[in-house]
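Next up, some structures in structure tokens.
Two complexes come next, and they have one chain in common, chain A, joined by chain B in the first and chain C in the second.
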Partner chain A sequence: MRLLTRESKIPAGSTLWADSWRRLKRNKPAVVGLVFVLMILFVGIFADVLAPASPTDQDLRARFAKPGSPSKITRNGTYILGADQFGRDILSRIIYGARVSLTLAVVVEAITRVIGITVGSCAGYYGGWIDMAISRVLEVLMAFPDLLFYIGIRFALGSSLPVLILAFSAFGWAGTSRFVRGLVMQLKESEYVEAARAQGFSDARVIARHILPNCLGPLIVSITLSIPGTIMGEAGLAFLGLGIQPPAPSWGNMIYDSRAYLRVAPFFGIWPGVALIVTVLAFNLFGDGLRDALDPRLKR
Partner chain B sequence: MMIPVLIGVTLVTFILMNVVPGDPVIEMLGKRTDPETVAMVRKELGLDAPLHIQYLRFVAGALRGDLGKSYKLRQPVTALIMRTFPTTAKLALSAAVVAITLGITVGIISAVKQYSFLDHTTMVATLTAISAPVFWVAMIAQLVFGYYLRWFPISGYYSPWHMVLPAIVLGTRFSASIARLTRTTMLDVIRQDYIRTARAKGLAERMVTYSHALRNAMIPIVTIIGMQISGLLTGSFFTETVFAIPGLGSLAVKAMQQRDFPLMQGTVLFGAVVLCVGILIVDISYAYLDPRIRLE
Partner chain C sequence: MKLGRIVSTILGTMLVLSLMLAWGGSATLASAKTGGILNDYFGEDPGTFDVQADTTLAVYGLAREIFNTLVRYKEATLELEPELLAKMPEISKDGLVYSFELKKGVKFHDGKTELTSEDVKFTIERMLGPVGLSKWLFDPIKGAKEFINGKATSVSGITIVDKYHFKLTLEKPYAPFLANLAVPSASIYSKKLVTEAGDKWAHSPVGTGPFKLKSYIPNTEIVLAKNPDYFEKGLPYLDGINYRVIGDYTTALMEFESGNLDVIGVPSEAEERQRLLNTGKYELLKSTPLATYYFSFNMSDPAWKDVRLRKAFAMCIDKQAIIDSIWGGDAVVATSFVTPGIPGAFEMGKGPALPYDPEKAKKLVQELKAGGKPVKCEAWQRGGTGLSDTNIAMQEMAKQVGIELNVVLTERAAFGEARSKGTVPANYGNWWADIPDPDNYLYTYFHPTEMMSTQYRNDKVTKLLEEAKVETDPKVRARKYQEAETIIIRDDCAIVPLLHPIDLLLVQKNVHGVIMHPTGVNSYKHTWKDAPGK
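Let's turn to the complex of A and B:
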């Protein structure tokens, strides 16, 4: 049985991916998620082209203009989703907000994964006191109330996109490390790792070329599922008035601003929330589907 | 496990508070105070000592339950926390009750009626609930149920009735992940041999579901409930802010907006302690649910 499953994975990496893709395509919610994820990425990248107005253009005579009312600042002459407290186009701010949220999420992912994978694979591969030391640090980091840390660091260093990235990265890597550590510990006992070691390859090469590629599937899934966490985290900080500083648009900022005017202009608070939910839901659906596709044994 | 976490928490908060630009004494007294008064107050607050001495003093104080004095509110931090914490605890606990009852019920129904229309609907609904930020949902619930429909008071905390909507909002949010996990573990357990045996014995389906399947599915469910404690605490901070409930969250938010360092340090540390105790309770409840797990 063990031999069989192992052999079935040997014919080139492409089969695994092709297989997974086939399984993913059959999972309707996952495909819907994927389509939305791609759409949101597209919107974020081409925000300048797609947005009907600049996110910071104001028209104070059009404060809280209802959705669909005429506008002087948008290219098509209407506020499709209405205007905010400075008469800025809400749709354009949401579109630019997508760029902010995605930039933050992607950069944070990149940083935390690089650190997390390095530290985690060292702990898992070497074991012993290295593992002990790293594990203790990870436990403390993971138990730390991170929201409070963001708040602290935001006060210490002010608030701009780089500071937010730093704040989210500082704790984010612990989860990955722990996760990679577990995978590496499991894989390092396998015969092919032993074979690679017997050939005299350096530890770094064994980890990078032989162990990590086998962790790729679970890692991709966990990345897809943690992006929405960062996006929500930014919105949460912004909601406490600690996010990226206005006038830069971010969904969390918009929700924060809208609170004071909710009764006058409910749509002002609703749209950015909807954008947030759709984005997070899309990533979650896609991530869930991806997990089932990459490891059908988990499918229930 | 608890001790290194708490040491880490005190160290990190202490360092952060000292990296923050701005002199707390000047913040407290105003910019125009003459330097002598500033020096005097600094000495009184013990801020003239070297950092490591200040840190040790803080830890020693914390061990005795003395977290210093709030700069802005001029009251002992411990007293402020003790006054606000019961409110937060009430909110978090009532939310937990909502989350657990709703979550487990929905999860069981979904699992028993797997792939039914009901199952699909609830799974989409729970995923949406997980994807929605709690403060936004709270805000919209406040608008719809408080302002438009007038079913609930809009904000503040003057009677238990004021707590109902916040608890439902926060609880529903957390019921979603409990429901999803209950469904998964129930499906797993239902396929075990002992369930087949129970059915073969002729036990009623209800009996099989509740006393055989659910009991065995409880361990992972309790684990995820334990993992939610931190989220529940953060969630109640947001909910408190939206509904203007004077709890620990509102206190912490006020502390950080006014740069009240001792108060911030105190709330952070207290939050961490609550978290650790919560995790400990979850660990203990394992032994109750599964006698095979022994307490050591």
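Let's turn to the complex of A and C:
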């Protein structure tokens, strides 16, 4: 009885989401992160409109032109952030690089989460031999040396964006599966799940309508926190020469290209580095804030 | 014996004199050449000292220090002079029989074994046997093919007259034969020592050269010491050479900058090169090697088989822009495939290559598109962690005229396999000539028996190449090669000559007398280091 009275006192519209949004707004670093994340998304989506030049247009005679020097290939006639070793506009390459980084991160997240959630919830919900079998597969996957796999897949299929997505997705879902499995195992013992089952709902409906919505908070947080991981992963692979192949721009291969000229044209490596740091930091700040906001136990 | 001594003394004196001329003031005192230990490095362990079983520049370079050839190039020129021979061989009027006389008293590094005609015969037959990789060197000798096929137990064209005299008879006249004998792979081995060493020969070479192998630690270092009994008196100046194995170029460059290496190839980035030169601490050595960087097509490729696409590609490439930016100016625009300077080659800038003309290229591409022909094409790159800058630049230049060139990074082994099958669609490659002769370029790439994946067939060119190969009149020969090259490059556009590189080497200021030869093989026989503190 008392419980009921207390709940009725909660102001209208104070759902988990509205509550969390209110908490998130109070967290300054998280808001800054969110603003940057939205900006980067905007830049990536509207790269064609925003970039002053095509990312592959060259002017060999403008090799390493300094920031602000005149340019034959950009719409505004200047290299705002300078030119690279082929006289390509660095700003345009960073803008298109954002698109590559984000596409990779978003698609990889989508694939790994869908597979991971499906497999993980089956394992957690059914338990028994299904759980046994899935868990063993997950252990094998998690023990697999992924760098070797990337190198192998690159030699077999070449390196383009789809191949890179495949390489990151192939093992990436194992972590999500394990994470979801744990959450589902916890939740399936709760009373509302039992109530749903008692009403005769199908397993699929119980999982999709009653269990998963309650996993959403932690999942969203883990997604925001793993996007920068994927972006960094691409940069790392590119730095080993295993990333997206030139002339297509990516922040990783720009940094990789620049390292040979670090002493003579430092800005060439600094700009994509800054873009990478800002993006990763923004996602992390936002993700951190989101975690605090979505955790009801941290309610202040 | 005495005559040989005198000849070698004269030769030695001449070399010293020419060195003095070459290095001016710094070499006016012969006594200044105090020797010292030279520190060099290899990017990877050469793996063998058996120059018959390998063709890398590293093994070639080592062979020049440890072994000798019958004839050699005079310093950095393309002129041949005797090395193990007492004098240049006599050639019969029909160009078939070569009579040789060896220097007397040339000893192998064991100090006992003397070089004789038997060793020459042994060397040739060993190369033509199962171990030899460069069979083409001795292939023109009569009976070589029968020997290779196992139909004969000895090569009939080799005749031993006595201990120091022998004759080689060719199957057909072959003008550049003496140049074959100057290739490091043609180094003369000792029959006795090779037989005794057995399997150990590849790692324990015993030659007649200016240096001998002192120690070899695989993947770590190769130490050579001066051969005190070397037959050219007074040479070498150095007391020894230490080659370390340093896998990473950046590490090697740091070692060079801190003075632990005396010699290093320049960084590929023009700006880094400039930075090192600006320090004023190092000497930059330049040489124009017998090399051509090119873009070659496979004539059986579905897209490239149309000559209009090949011509459009040839005309869309701004070679000078590539040289000025990516090569930092250290190369020359190529207008012919055979490198200028070689007898029979076009003069620099006067070759038959199509000139840069993007407008004409665009028109050709439009014509192709209108006729429903493909303008999407593929080229492969052999190895590397990423596409080379030149490939990326060419790809963009092609795009500007409407050609969609996709460059595929192919692992080295796979590339080699595809090349031997003739299935590489096109590639940006380079050719460093073994001998200064057009045959070494044109026959290798454009004769129907070629192995460079061009799939080129033109009966007229085949006939010209075969005729020129056996022609003995240099003028007629040159004419035939130029005619063939014009058809290949201008009419058929089977290859696009891009540039001739300039070979650059950085050395410490106290290092003198490094000889960079146009064949790409450097020699330290005349090198010396100033004593420290000077």
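Just so it is clear, the second predicted complex is superposed on the first by the 282 of 300 C-alpha atoms of A that agree within 3 Å, B and C clash if a C-alpha of one lies under 4 Å from a C-alpha of the other, contacts with A are read in each partner's own complex, and residues count from 1 in each chain.
Everything that follows uses one rule, which is that a contact is a pair of C-beta atoms (placed from the backbone, for glycine too) under 8 Å apart; a residue touches a chain by one contact, two chains touch by 3 or more.
Since we're looking at a predicted model, the values are computed, not measured.
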A:Gly241 touches, of chain B and chain C: first, second, both or neither? both
Partner chain(s) touched by A:Arg63 [first = chain B, second = chain C, both, neither]: second
Partner chain(s) touched by A:Val264 [first = chain B, second = chain C, both, neither]: second
Touched partner set for A:Gly87, first chain B, second chain C, both or neither: second
Per-residue touch tally on chain A - higher for chain B or for chain C: B
Chain B versus chain C as contact partner of A:Glu139, first or second or both or neither: first
Chain B versus chain C as contact partner of A:Tyr96, first or second or both or neither: neither
Chain B versus chain C as contact partner of A:Tyr125, first or second or both or neither: neither
Partner chain in contact with A:Val280 - chain B first, chain C second, else both or neither: first
Which superposed partner A:Tyr150 touches (first chain B, second chain C, both, neither): neither
Chain A positions touched by chain B in one structure and by chain C in the second: 155, 240-242, 263
Interfacial residue positions of chain B with respect to chain A in the complex: 1, 4-5, 8-9, 12-13, 16-17, 19-21, 124, 127-128, 130-133, 135-136, 139-140, 142-143, 147, 184, 187-188, 230, 233-234, 237-238, 241-242, 252-253, 256-257, 259, 264, 267-268, 271-272, 275-276, 279
Touching residues on chain C, where the partner in the complex is chain A: 267-269, 271-272, 274-275, 318, 321-322, 324-326, 385-387, 389, 392-393, 395-397, 399, 408-409, 411
Chain B contact footprint on chain A (complex, rising order): 29, 136, 139-141, 143-145, 147-149, 151-153, 155-156, 228, 232, 235-236, 239-242, 255, 259, 262-263, 266, 269-270, 273, 276-277, 280-281, 284-285, 288, 300
For the chain A and chain C complex, residues of the former touching the latter: 56-58, 60-61, 63-64, 85-87, 155, 158-159, 240-242, 245-247, 253, 256-257, 260-261, 263-265
